[in-house]
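Both complexes shown next keep chain A, but they swap its partner, so chain B is in the first and chain C is in the second.
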Partner chain A sequence: MIQSIAQKEFVSTLRDRRFVVLSVLVLGLLLAATLVGRASYSTLQQERTLAQQTVNDQFHHQPNRHPHRVAHYGSFAFRPKSALSLLDSGLDSFTGASVFLEAHQQNSVNFSQAQQSGSLIRFGELTVAFVLQLLVPLLIVFLCFSAFTEERETGTLKLLLSQGVSLRQVAWGKIAGYGWAVALVVAPALALAAWLLFGQEEVAGNPDLWARLCLFVLSYAVYYFLWIVGSVVVSAWQDHARTALVTLLGCWMLGTIILPKATANVGAHLYPTITKAQMDAEVHEQAQKGINGHDPQDQRTAALKEDLLMQYGVTSEKDLPVSVPGLVMAESEAYTSKVYQQHFTDLTRTYERQNALSTLAGLLNPYQAIRPLSMSLAGSDFAHYVHFQQAAEAYRYQLVQRLNTLQAGMGYGDKERKLDAATWQAIPTFAYQAPPLRWALGYLLVPALALLLWAVGLSWLGLKVIDNTRVA
Partner chain B sequence: MRTFWILFAAEWRHFKAAKGLVLLTSLVLLVGLYGIYYGTSEINRQRQHLAELPALARHNVDELKVKFPGEADAGEIGYYHTTFAVHHPTPWASLSLGQRDVNPYYVKLRLLGLQGQLYASENVNPTKALSGNFDLAFVLVYLFPLLIIALCFNLLSSEKEQGILTLLLAQPVSAATLVGAKLAFRLALVLGLVLVLSVVAMLWAQVPPDGRVGLWLALALVYCLFWFGVAFLITSWQRNSAFNAVALVGVWLVLVVLVPGLLNVFVSAARPVPQDLELTIKQREEIHGGWDKPKTETMNRFFALYPQFRDTATIKERFVWRWYYAFQHLGDQSVQPLTVAYTNGLRQRYDLVNRLSWLSPAVAAQTSLNALAGSDLPAHLAFLGSASRYHYALRAFYYPYLFHKVAFTHADFAKEPTHTFTSTSEPATAASGLGKLLISAGVVFGAGLLLFRARPVNPR
Partner chain C sequence: MTYILEAKDLRKQYPDKLALQGLNLQIEAGEVFCLLGQNGAGKSTTINLFLGFVQPTSGAAYINGLEVAKNPLEIKRHLAYIPENVMLYPHLTGLENLGLFSQLAGFAYAESELRDYLEQAGLPPEAVQRRVGTYSKGMRQKVGIAIAVAKHAKVLLLDEPTSGLDPKASNEFSELLGKLSGQGTAVFMATHDLFRAREVGTRVGIMREGELVDVRPTSFLNANELEQLYLHYTH
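== the complex of A and B ==
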């Protein structure tokens, strides 16, 4: 019986001209967003790959230089776009694309898209995720708001029940029918995206991406299930189609526009972010005077020198087989880096605290659960960004230390000498490996749980409401 | 006229009785107040951060005074000394934060190559930046249309659906007076709310009382008028409430969400700015190439720019600061075309958006409010220009020390130029936005009137 109700809903939905117009519109937007996403993905990716290749070549083709010159020459890390970012570009427009890697200091990641556009970008970007997260639910609302009210107004609900069907069965039938209709709208766009995605050679055989895409589809299925059940329940709960529609639209606006912005703003307000200037000053101060203020840099340097002289049993720097400036530089880099890491962790923690409110709001608002979930799966969320920053910093640190070691090996008076050009070719360049799905699972947990809780809670509570609904 | 006021008063009593609407209106009022609080406190925080910068710069000077107790080589000072170019907000920025949260509002500068320092970004939580700012401009541009929709979607249809309209029109009341009074009441309510919120915000942010007050109010009021016009147009269609609600929300979705999104896609495709990465790579290449080039070649190129230093001593040493700064300078010089192309590209993007903003009054309103507040891209570009000029001033200050081999003393720190920049409003952009809003409002009201004229109110 459920099946025939579902089939009836599905068929009559397809016959409804309003739905056809709306869904063609949404489908068109989805397809357009997919193509736009694909185009911007490949432009940005090309730009960044080319830039990375250029700087890598430049690094390898340096002339004879002193290693510390090379450390200042440095390199760049360009953040590659994740393959799935064509579906959900997440934070990508608000995070930088390039970071200069050099000795002594950690630079910021610069040139975000948001800095390169006017305030237009703050209206939201037309990405696949935007359509999937905001517009499809709206379509669902328009599709389902009259699910029960119409049957009641036309008196067909009574007829249906007289056939021995329970209200629950009617509800499930409708939910299934609408589900099919929604799938019909969303599936072609996702199929196109998958086809575009896996048409690329480097992606085709990547099981990690397949897994991400499957989870992506699955989470949206749950998200739409929520909206469909919610809309059907509201439609059963409200007496008139009009009030049901207004209630649902109100929920949509509150959930997708007002709450996300409000929670993000309140979060940022509660846990203020330290400015870059202040943070740099603190890192510098602690690196100079010691983390506890007890071991200033000149004392550390003096101790290092003394140890060296003792170790090699000589009395003068000249007789050492190693270069003292090189070793001092290595020690200072290690110390500064340690200090920086502490501050970077603190900053990341501040951001996480700011975002915690939004994450918690995901328990109240499914949109705030699907958004982080979708970004995480697409590899465009905050955690993935931090992963890139840390990878770039790890590369910078090992590169600089490697160069410091080379300098140390040059012995006394290294400043007057250079190392052969071949030396630089042996040094590996920066190659970013995005983390696997396994790594991201931890970040998926809370939002996924929130969605599932909603699904179970809504089905349970909603069906109770439906049981008590008026029949006529 | 009497009937008009009777109907107006009746609307007021209706409104008071409708719990949901009162709740919604108070909610919008509260949300607006929160937006004002958020905007002002955010700008105050930025001001406070800016106020802390001189202390950091002083601390740096103190450190250098300890490091170089006597006279120092100005080259060493230029290398280790950091100073700040600062971008102060206008008081109006509290009302419309614009891009002030994603664009850095200060730049840390050393005497080295400018282009490597100018684009450093500030600590910004990207998740928060994605969600955007909850300022008064957001409340006005995004939420007020929704309030207007909620108030007006059943302007005439609810009366019709309840069967009251037939009764009403049987009285000596014309349909025009009826619709006029209903619309007038809602207009008074919403515009009153806009006025109250704007005035509270202006007082809170302590904006200077000049023409911009009028411009802001005009922008906010005309933007709301436009949405009333849309509601009026849909009402003149004379369909049922559900249809009206769907149509109005549809219009909102198209104008506030879809058109801006599509416009953004179009603008970034039509005006690409690929120069950023190129610029940053090339500048490094030029600067570091300076180490390996013959010193006389570098110096001759530099002297072409600064002929006053041509007579200084020829460089024979392995390293000397004036040579070092000369090739830093030349590095900036060599990427000059890219820098210009980059900033022009950004400016063109902004101009294109302004040219196309008639497509969506929401875009026109938002860009106008930001232009008024001086918080959008042009303000940031102006700041970058000002910071570049400041860096040139720093060079002009240090070069004589370097080339004439004058020792840098502790007293010289006080002579170093300092920087301050306050963004300015762009009333012209705001006024052109106001023009577009006026035309849009006129068009929708006109269309509504025509439709009413063509199809007199049918009470059933």
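== the complex of A and C ==
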């Protein structure tokens, strides 16, 4: 029975010119967004790969130099684009793409697309996620708002029920039928995305990516199920199609525009963040309390030197087998890095609290559940960005300390000497490994749970409403 | 004795109106009962109570011995319903509409059988493959009749079924009802058509302000007497 009703809804929907026009528009936008996303992904990925290769090459081909000069010459870390970011670019456009890695200094990630674009990017980009999260639900609203009201107004509901069908069966049939229609609109774009994605050699055999894509599709399936069930239930609850449409459009606006903005504002108010300048000033101020590698008059430097002389049982710096400035640099780097990490962790925690508030709002609003879920699966959320930042900082620290060790090993008077160019070629360059899905699961848990709770709760409540639907 | 269709002290009170007051009625297999009355007299409420679409305030309606309110799905296996204005799914053809409703009733007919039902109901053969959105009211009514007939129900609940039908089609419908009643189907028909009621009915009942005020066998009434009786109760 449910299948017969579903088939009827599906066929009727496909023969309805209004739906055909709307779905062709949405499908066109989805396909365009997929192709644009793919083109943007390819361009940026190529640019970043080339840039990373170039800076790595430049690093390896430095001439004979003092290690500390190499530490200041530094290198760059470019954030590779996640393959699934062609579906959901998430925060990628607003977070930076590259970070300069140098001694004594933890630079921020710069050169985001937003920084390099006009103000129009603030209005949002046409991404697959934008169409999937905002426009497809709107299509569902227009498709389903009259699911029950029209049947009741025309009298077909009575005829249908007189055949021995229950209201619940009618509702599930409609939900299934509309689900097929929505799948028909969304599936081609996702199939195209999968084809574009897995057509590339480097990602073709990547099970992690397959798993992410499958979960991505599953998440959106649950999200659309919610919109379809919600629309059908509102249609059963309201007496007239017009009222049902206004109610659903109100829900759409509240869920996709008003609540997310309000939550973001509340988050920023409850957990204010400091500015970059403030943070830099605080880090600088605290770093002054540690050893200063570039100040030979620094008392803590003198104390370290004394300790070394005692440790090696010599009376003069000249007799030390190690370079005092090299060890001082290492001490200084360890201290400033610790100070920076503390501030960075505090700042990240503040952002995480703001994000957590928004993610928790997913329990009230499915749009705020699918958004972090989608970004996280696409590898373009805040957590993935922080993972890159930390990887870049870990590499920077390791690189600088390695150079400091090289300097320390040069012994007294190291400043007058240089190390051979071959030394730099032995130092590994930055190679970022994006985290696997397993790592991201913790970030997926709350939004995924919120979506599932919504699905169960709305179905349960929906059935209660359907059972009490007025027939005559 | 188990009647095919029975009402026991059936009463329906709406917040602003008493729609049906204490209806007692028994209809046997093969009987055609025509319920007459003005608009708002309670005819449609009675049909809705038998269909289980409206819950009674008190009393009970029975179909084939089963209480409607307690067996809302089970009783529908025994009845077929034709509303005053049959509205079907406009994007489906006549054939597809009949196929769908038959499937929902548990019958999987071949296309040729569906065509036969539609043609029996008087739908032109060339129309069966057209979308119902292009049908006239009369054509939709014929598809509604085909849906009811294809269900092979023990009870037919008809709410102004000939509304919108041309005289020829109405006549054919009367013949069809005669045939079905001959096969043992009980028919409960709410109508304004006194002529049709006397012609096909075995009994007529007159309803006024929610009350069944008179019930008579049609065999003792000619058309004129029925009209006089109707006018007597309704004016």
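Just so it is clear, the second predicted complex is superposed on the first by the 459 of 472 C-alpha atoms of A that agree within 3 Å, B and C clash if a C-alpha of one lies under 4 Å from a C-alpha of the other, contacts with A are read in each partner's own complex, and residues count from 1 in each chain.
Everything below uses one rule, namely that a contact is a pair of C-beta atoms (placed from the backbone, for glycine too) under 8 Å apart; a residue touches a chain by one contact, two chains touch by 3 or more.
None of these values were measured; they are calculated from a predicted model.
Novice: Superpose on chain A as described above, then tell me if chain B and chain C fit or clash.
Specialist: fit
Novice: Specify the partner with more touching residues on chain A, choosing between chain B and chain C.
Specialist: B
Novice: Name the contact category of A:V471: first (chain B only), second (chain C only), both, or neither.
Specialist: The second partner, chain C, only.
Novice: For A:V11, using the defined touch cut-off, is the partner it touches chain B, chain C, both, or neither? Pick first, second, both or neither.
Specialist: A:V11: touches chain C, not chain B.
Novice: Under the stated touch criterion, which partner chain does A:G155 make contact with: chain B (first), chain C (second), both, or neither?
Specialist: The second partner, chain C, only.
Novice: Examine A:Q163 and indicate which partner it touches, taking first as chain B and second as chain C; both and neither are also allowed.
Specialist: second
Novice: According to the stated criteria, A:T273 is in contact with first (chain B), second (chain C), both, or neither; which is it?
Specialist: So A:T273 only meets chain B here.
Novice: Of the two partner chains, chain B (first) and chain C (second), which one does A:I257 touch, if any: first, second, both, or neither?
Specialist: first
Novice: Return first, second, both or neither, reflecting whether A:S358 touches chain B, chain C, both chains, or no partner chain.
Specialist: Only chain B; A:S358 stays clear of chain C.
Novice: Report, in whole Å, the shortest distance between any C-alpha atom of chain B and any C-alpha atom of chain C after the two complexes are superposed.
Specialist: Least C-alpha distance after superposition: 18 Å.
Novice: Enumerate the contact residues on chain A facing chain C in the complex.
Specialist: Residue list for chain A touching chain C: 1, 4-5, 8, 11-12, 15-16, 154-156, 158-166, 471-472.
Novice: Along chain B, where are the residues that touch chain A in the complex?
Specialist: Interface residues on chain B, with respect to chain A: 31, 34, 38, 41, 45, 49, 52-53, 56, 59-60, 63, 84, 98-99, 102-104, 106, 108, 116, 119-134, 138, 142-143, 146, 150, 241-242, 245-246, 249, 253, 256-258, 260-265, 267-269, 272-274, 276-278, 280-281, 284-285, 288, 291-292, 346, 349-350, 353, 362-363, 366-367, 370, 375-377, 380.
Novice: Please name which positions on chain C make contact with chain A in the complex.
Specialist: Residues of chain C touching chain A: 44, 48, 51, 53-54, 73, 76-77, 79-81, 83, 85-89, 91-92, 96, 100-101, 103-106, 131, 144, 147, 151, 157.
Novice: Would you tell me which residues of chain A are touching chain B in their complex?
Specialist: Per the stated touch rule, the residues are 29, 36, 39-40, 43, 47-48, 51, 54-55, 58, 63, 65, 69, 72-74, 76, 78, 90-91, 93-98, 100, 107-126, 130, 134-135, 138, 142, 241-242, 245-246, 249, 253, 257-258, 260-265, 267-269, 272-281, 288, 347, 350-351, 354-355, 358, 381-382, 385.
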